[in-house]
């Protein structure tokens, strides 16, 4: 592997940026932002250089230094560089870079710009760490770091109570996932005695039954981590609230990269999962996709809608993994990174145009005011809905095909239905925001965003458009499938034809969804749906009351236990026990000294009594 | 017989007489010097006793065995002289609170000292009785010396009656022992004691003697007098009572138990364990709610009698040497505490803990002395009290194999120490952070008393940090019972 | 033998304390300067020693031995090996930080600094001593100033009660341990208090099972009380809540570790059989710390009480590491000891600052402090993150290592799972809750004008502790490489060949593992 | 009848007990003090009789010591009690309870 130093540089540049910003340039906002941007962009360039030099499959794909070594516990600080990780590096640095640049002007009037970029760099560092790490412990470490940097970014406007709460919620929910993850790691280590991915893989390949009876449990525990990060049901609740953060954050973390980490991790450790584990994973993914899509239909906050669609797309990916389709999963992950980031950034530019008004029913007819945004958003929407030839179409289609290939028709049905819903709510949003008449003064005075913001939009739009046939699937295929033949451009364009059924149905439902949205929301001033759906609509609107349920069960329970413990501590341990001992001692003292009446006669009497006592003690027996 | 062995005693007697006579021709404003003279003389004697020159530091016996000069005796004689010196310093400071006959006060202290010196060498019940009475009777006077103060008289009378009671028990005991065995000399008695182990009358007698000694050291169940007397007596007397008289009691106790009737003692393991355990608890528990300083120290002295009894109860050489070591530390600690009280309460009629309020502003030296004293009593390194308690615990635990009761004893002692932390820290708190400080007038200290205080502090640290010398002395002294 | 660097490290503060006695109380600047110097120098020396420490070499270094009481086999004997070199370093650093933070003390500075220095000397002495007697005496010596400091300079209205409780509790603990140590001395029959000699002697002729079963519980619970082992924990939060920041820093950070160090240094290697039988119980007790106290911490309305409880909860991980009785676990325990030392000191220093500025630590009254107190806020945030075991800080390494160690013992799996829950979830909940309510949210009007720590001197202690946390968090091998050899020796002694919990786990790993490249 | 050691001892025991009772029961300091002397003399009687029957004179020597010491004790004691009486105008033990607890 040539230029072995490059990956290290790529990894540590953002951290360096964070350090420099926090230590020195916290005062000057422009300098800090430039530092951070240059760090990530350089990372992007270097990644390309590295790939150009080494190709997608370097010979010796690992480079490591020992980090911790105690007896049987041996953890390297190591990097694993293969098609999978390098692709992710490209996404993180590339999409991330675009978002960094975008934020430069998005955060322009914010006082905490420097802090913001420091956090962004920290996040980039941790994310790169996840994708590059070559062993479980490293991955867990960066896993946690990603969690905390998202915590910081969500709580960026910490003076807003809602932001603080959202950050807290996100952190703790993620921690729930990490709990399982760490246990999984412990279990795997306990049985196989190693943390290194390659080692583990080889040992499992050598002896598939190595994990023995623990296989399923271990797999699911590790999957818990993915559930937390990739916001799978039931740990999905944090993602929508996470929209409290600045829009670029939503784009970077909650669309393009962090939430993808879970899926990435699943693909990285695919060898751990046995059939049963994969089944569970698949169904959880499918269910999440459905649930989130349904919720998305009735949201009115522009960012939340996209957030829910993110959820359901993640569900897609996880489902794909569960159906032994790492390639489609990663493929969709990549394209999704493009178009979802695109959507978020466009939404961001809309929000800026609307002076931070996020309710879609306050908008309308923005295509006149913000043409560029309008077009980019459209491309994003089409890609998301899976209309050929946009990238989303190819990836989603590959997942549908995977379902059929696995003969899992239930999940196929779900996937199709979700595809339809996706198209529907996406274009609901689209029509309400960009068509019809202005529904507020803001909408009347909306304006297009500056070039620095729109440029990244264009760049992402391009990829969202052509992402489907520029060989992304090839790389992943070469990673996961042993005998994988690289497809030419034409073949890639026509790839979906291999599974015509899936393709046709997919396109069909997508178009249907769009048409439905068009007919309902073309000029709608208010949402006609609740009238039609009634209770279901409110249920959707309120996210099927899941937050409330959690509030009522999990959180209450924990609080209850805490209260009980506190009571015990206060009354039993401290009050009863200590109080008793203390009071008892004191009382005995006060009682004893009553003997000292001060009366000589009593003293003499007690003296004689004492004598008698001693005599009895010695001679009495 | 060679009376030269009694050089120390004779000199002290002479000193006492001289002091008494001095009262005639010393003008009142010079009375102080009598005290300092006494201090100087005693210091001289101390030096002699250490220098090894003169007969007072070589072994031997006089009055056909009534009077022995052995390691134990020498150890205790030095101890008593040091105690007397420090008490005399205090007495000089105290003299302005005595109505008349200051130099009598000094001389009485010196006479008491002579009694203690004899007690240290007593090897015969006659000598024991005379020595004890010499001490006790002088203390009757010393206790009630402030004839102006009712409490002083009351304390005197209480001490008198109970003291007389205990001594009559002792005398009767002696009578019985002598009647059954026909021996008064300890060594002779030891030779024959074995065959009387079963005779109830003999045991009766021994126990009665122990009653008398138990009264001196204020051990349960004969501790009842201590608080009142400590509280009422003039402070220097209290100090001397707490150190000298208690130590005299212990030296005699050791002699009787381990020289006179060792075979009997061996059977009384449980008795000693129980007594020391109860004494510790009683002293500490009663001290908890106590607000009067001297009374507090009275109770604490009961507790310490209990700790010292650990050394006796251990029935081992290491126990005895630990006891001696602990006494040495106790000497400096307690006298330091009482000196501070004596100086602080000069212009006050009550000696409540509150009297210490704001002491650290009034006189940092005294404040730190009191703090150190309390810390040492509580047993905190690097002070004497800690190492002493450490040795005692060690001695007791060593016997644990013999009798599990010793483990219980150790834990009782532990409980006692914990309780004592509470009230000792109460005193320290009163010094440093009491709410209402009424009097912040600085306390003037005369040069000599400063010296005395510094000696006490030095003593506490010396025994805590460089225990080797003292420990060797103690071991040397404890060898007496080895043979 | 030449004077060991350790003697200087622990001697300088004590000498300075004596020196201060003779400085008039109104020379505040001089007093403060002396105190700072007397802690700075030992810190520098400690760092120097840490760097000079020969890594990977088993046995003691920088030794010095001066006979003290031959008749009892006592001697002033100092030295460090992998187990305590880190602790000494940590103690020295925290001491300096505490001295820096003492600017909050306004009344009776002289007495305060004297006590602070005494405490410092005692602490460092306790960790450096290789003689049981000094080991104990130094600790006792450091303990007493704690009580007085809490009593005199303490905060809350319950300070008297707090002083009372902490005094009684710790005294009981210390005395139990003392009885245990004396009994150990007597029943070993080695007639020496010298730890290395004792270890050798007992390795040659082990203690009888009877005496082991008598002594070990004494040490376990004696030391346990000193470390606020559940259910003997209630003094800790209360005491720290009432203590002035520097005291809390020194006690919670350093002095508290004495008990754990004692367990590792004395109890485990000298009484293996007893250890084996007690470790299960210890493991379950430590859950009391991790879960129960964690929950209690959630309910606290006062920042200091919360921090105090969390520090008690953290002790649980150390106990778990010790209970696992294998190399990884014990190493992890030592790591957590050091890491938590820095962390506790840091958090208490910060809460002290906040208290100093706002005059309250009631969480309900605080809020949004990140805005006015930028530096302090950020530091507190990082401390909280370290507190819930975030990678990058030393705590994470320690805790994770402990988990790996405990997982190796099949019988401790359940405990480990619950402990992980406590570490990842409960810790996160109360820490984030605290951050949310203290640092985040809108700023109350009255706090909007608070003065942040700006000049270097004010920032120094916090920065120092934070940096230490980060350094050992990023490069744990700095510590582990030193700890492992001696920990291995210790564990071998604690696991007599007969039954070996570590071995079970190892044997359970398929042999292909040995073939794998580590 | 023949009077032997037992009889003497019984008498001295009785004396001792009487004295003890007096100390415990009587309220007047002077009487208490007399009872104490009674106890001392009980001891003396015992000693004398012992030395008479074991014909060994040490006991009688001791008796002399005791008598002397008793004398000293009495002189001091009476002085004390008188001083107290002067001040308190009473020699009753109930009046001596200013120090208690």
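Observations
Each chain gets a letter, A, B, C and D, in the order it is written, and its residues are counted from 1.
In this section, contacts are C-beta pairs under 8 Å (C-beta built on N, C-alpha and C of every residue); 3 or more make two chains touch, one makes a residue touch a chain.
From a predicted model like this one, the values you see are computed outputs, not experimental measurements.
Averaging the CA coordinates per chain and comparing them to the mean over all protein CA atoms picks out C as nearest. Annotation: B-D is the more contact-rich of the chain pairs A-B and B-D, by number of C-beta pairs in contact.
Centre-to-centre spacing of chain A and chain B amounts to 78 Å, using the average Cα coordinate of each chain. Between the CA-based centres of chain B and chain D the separation comes to 27 Å, rounded to the whole angstrom. For the pair chain C and chain D, the distance between C-alpha centroids works out to 66 Å.
One simple way to say how far apart two chains are is to compare their mean CA positions; for chain A and chain D this gives 97 Å.
Among all residues of chain B, those that touch two or more other chains are 157-158, 161, 165, 169, 227-228. Shown for chain C are the residues that touch two or more other chains, namely 164, 168. Among the residues of chain D, those touching two or more other chains are numbered 23, 32, 96, 98-100. If you check each pair of chains against the touch rule, the ones that pass are A-B, A-C, A-D, B-C, B-D.
Chain B meets chain A in the complex at residues 157-158, 161-162, 165-166, 169, 200, 203-204, 207-208, 210-211, 215, 220-222, 224-225, 227-228, 268, 271, 274-275, 282, 285-290, 419. Put simply, chain D touches chain A in their complex at residues 20, 23-24, 27, 32, 93-94, 96-101.
Residue ranges of chain B in contact with chain D, taken from their complex: 125-126, 129-130, 133, 137, 140-141, 144, 147, 150-151, 153-158, 160-161, 164-165, 167-169, 171-172, 174-176, 178-179, 182, 184, 227-228, 231-232, 295.
Those residues of chain B that touch chain C in the complex are listed here as 360, 368, 375, 380-382, 386, 390, 393-394, 397-398, 400, 410-411, 414, 417-418, 421-422, 425, 428-429, 432-433, 467-468, 471-472, 475. Taken together, the chain D residues at the contact with chain B in this complex read 9, 12, 16, 19, 23, 29, 32-33, 36, 39-40, 42-44, 46-47, 50, 54, 56, 58-59, 61-62, 65-66, 69, 72-73, 76-77, 80-81, 83-84, 87-88, 96, 98-100.
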